[in-house]
Amino acid sequence: MKPIQSYNPLVGRDVLSIADFTKDEISAVLAQAARFESRLMQDRWPLQLLSGRICATVFYEPSTRTRLSFESAMHRLGGSVISVADALQSSSAVKGETIYDSARMIECYADVIVQRHPAVGSAHDMADASSVPVINAGDGTGEHPSQAMLDLFTIEHERGSLEGLTVAMVGDLKNGRTVHSLSQALAMWGAELVLVSPPPLSMPEDVLDDLSARGVRFTQTQDLCEGLARADVAYITRVQKERFEDPADYLRFKGLYVIDAQTVRAAKEGMIVMHPLPRVDEIARDVDDLPNAAYFRQARYAVFVRMALLAMVLGAV
Amino acid sequence: MKPIQSYNPLVGRDVLSIADFTKDEISAVLAQAARFESRLMQDRWPLQLLSGRICATVFYEPSTRTRLSFESAMHRLGGSVISVADALQSSSAVKGETIYDSARMIECYADVIVQRHPAVGSAHDMADASSVPVINAGDGTGEHPSQAMLDLFTIEHERGSLEGLTVAMVGDLKNGRTVHSLSQALAMWGAELVLVSPPPLSMPEDVLDDLSARGVRFTQTQDLCEGLARADVAYITRVQKERFEDPADYLRFKGLYVIDAQTVRAAKEGMIVMHPLPRVDEIARDVDDLPNAAYFRQARYAVFVRMALLAMVLGAV
Amino acid sequence: MKPIQSYNPLVGRDVLSIADFTKDEISAVLAQAARFESRLMQDRWPLQLLSGRICATVFYEPSTRTRLSFESAMHRLGGSVISVADALQSSSAVKGETIYDSARMIECYADVIVQRHPAVGSAHDMADASSVPVINAGDGTGEHPSQAMLDLFTIEHERGSLEGLTVAMVGDLKNGRTVHSLSQALAMWGAELVLVSPPPLSMPEDVLDDLSARGVRFTQTQDLCEGLARADVAYITRVQKERFEDPADYLRFKGLYVIDAQTVRAAKEGMIVMHPLPRVDEIARDVDDLPNAAYFRQARYAVFVRMALLAMVLGAV
């Protein structure tokens, strides 16, 4: 990792889409996350960088993992949190308030807003209205940029570098928001992609076109073993019930790819296994104890990356 | 504003009704709110006045705006928050616990209680049982005193003074809790009121009698333009669906008064437009960009006024 | 109380069952709780022992009282809280995540986990997976060890000592989790028990066998007056609707024992009345004003005991 001391190109900015950031800017986030990690390792308490600052977590659909990791990140930095864990049910949204008006309200109460919303583009609506930085924590099938950044951080941390890697993406590549954002991001580092999915769940054409335009080498296959044979990283996704109109389709696809210890041992040596979590059955429990299993460490890295984002948009580093 | 340094007549008191406070006491709250505002403007962080203190926000019905603004106020003062965002569903209330018993529980966990409840008088029940100060954040169609105080703060801030003003109140004046409390409060400063509503939604007789008894000059009209012609302040309220038994009545009245940029330009010069929010359609979006639009600034002032209330009842100023 | 300065046998440990702790260890918790109480009485603010530390309260079923008292305890120690107040509805559990995976997630975000779950044994599942200490805040009809500890603290505080007491337990002794744990704990101090219940709701055989094996003297009766005649402590429990399959049974038993001021005056002089709360009708309001009524003070002691547990498992004392 390059020593990018005190380079903070995110002050006052929104974090809406991974595409809004250059390779250098993303590298600055990853470097800051690494500094927070080593700082927390050394003399753990306290880190008062955001003392007195308030983060609002506004979740129009539940996502415990994302919400808690942002809140944990804010607390680790000495900041405070106000939260609407179920904004669709409990908030003024019920009374007919627009996102614009909600933004104009919440910007009065907080210094940074972390929003999750089921509608694509809602994070942009919030950011357009708000005078304080907005971090998109998922807008439907749209974007979830901090997820892509923590995926990059995980790969860099586990593999030593982001350069020259072959990354296999496995499962529902059609509906999986995380693999869209991550493939975009990996393109910046010249990764080669192996896309493993049944044809009905393959990566959308527009994403493939975009990858081609950026000169990314990728191959598509239905065969899991073939897909993992050359992979340095296996990124497994959950087949999400809520994305299928027909329950029969869900049942048909959900058990298609299961990674177990045997699969991992048959794959390229040192391959790491990632997953945005929660998993259901895609990864067998016997993988958990292998050193290859990076998915729980991924959850830990999430806090460092989100600390970096919060501290950087608030200009505290 | 008079310099009322260190005058804190609220130590240890409950804040249940605007009628419990004298003009001097309300002025002291407004003055403290102004001091917090300028303090936050200067050297923003940190303000540790309530460090170690805990505020419990206990909401038996959701009100995101009110809850978040109190929680933001507590955090801005360095305090902590514990919260029951949906006390009717999740709490011991389901198991049959009385407000008395709830109060005896929560007073053990917090130094001040902010309560919202759908039943008129419930804040008094909580306060009677609790040994720590209780702030009424709305009890059904009853009171919401901190709303009235932040409305006063807004008017004073935007108009320079509370004296000698003509205030138009527009919309559902029958069911609108905020206009009842605000009209009571404005009476102390000798405001003249213009009450704009359709006859079925006009200000209740008992409120009018009370205004008369205090010598308040008021006129009633159905005509919006006439109502705004002389107004220094237009206080717009939402016609609230939940207040109507017959949905047809709601539909009949909800679109009756809509303030748009043209309405504002036709009104008295410099008139400010206020609204307790959330708005639905009562104020068109084209008003937002006019300097007259005070309703979003109102949301910002809410934090200063609630900081003042929390700090004062806890004796920290 | 013995001066047990700096004896902390709980560092890094889980708190899953009262049976996991020796008499000395429980005494150490009570002693620490007493130190926190007197510290808070003297110079109240601030106590920054857990500054920078994060407690996750993960509640798979609502329990406002338990959640708020743990959160209050964490804040009183200067720590932070992240919370899932309704984990079954809002969390990854809906998406099919196991407790194991949830544990591996939450341990990344927090330094200690307080869990409530409707299934017996779930706290052990969480603790087995988690690398940070887990405190069981109730697992169905299983255990709730911090409740037993605060009950002991209450008795010691109110009666001066835990030795040589006669404790009457009244109500639903079959389904009451708290009386099972408390009777186990009291056995360590040689208490004599008087078990007052209708036969269908009497203490389960296995609990009685265990008490016998430990040499605990106990008697069983249906008669409330007889039961209270020799009692130093009356521990009243609520007959819980949710424990009965047949509503008729609930109605039959719920009004069976009602303690009122007259009952208390007829009982042994100085007898204290306890209740884990919430109460419904088991204790009449006229008892509240008697010095015997210890149940609201019990709620206050809960915070000190939970402060002790949090500070001790985190090694801060």
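Think of it as A, B and C in the order they're written, each chain with its own count starting at 1.
Here, a contact is a pair of C-beta atoms (placed from the backbone, for glycine too) under 8 Å apart; a residue touches a chain by one contact, two chains touch by 3 or more.
Predicted model, so just to flag it, every value in this text is computed and none were measured.
Chain-to-chain contact here is organised exhaustively, every possible pair of chains being in touch.
Copies chain A and chain C of the same sequence differ in orientation by 120 degrees, per CA superposition (steps of 5).
Centroids built from CA atoms put chain C at 40 Å from chain B.
Residue positions of chain C touching 2 or more other chains, listed in rising order: 85.
Chain A contributes residues 44-47, 62, 64-65, 68-69, 71-72, 75-76, 78, 81, 85-86, 238, 240-241, 277-280, 285, 296, 299-300, 302-303 to its touches with chain C in the complex.
Of all residues in chain A, those touching chain B in their complex are 51-54, 56, 80, 82, 84-85, 87, 89-92, 94-97, 100-101, 104-106, 108-110.
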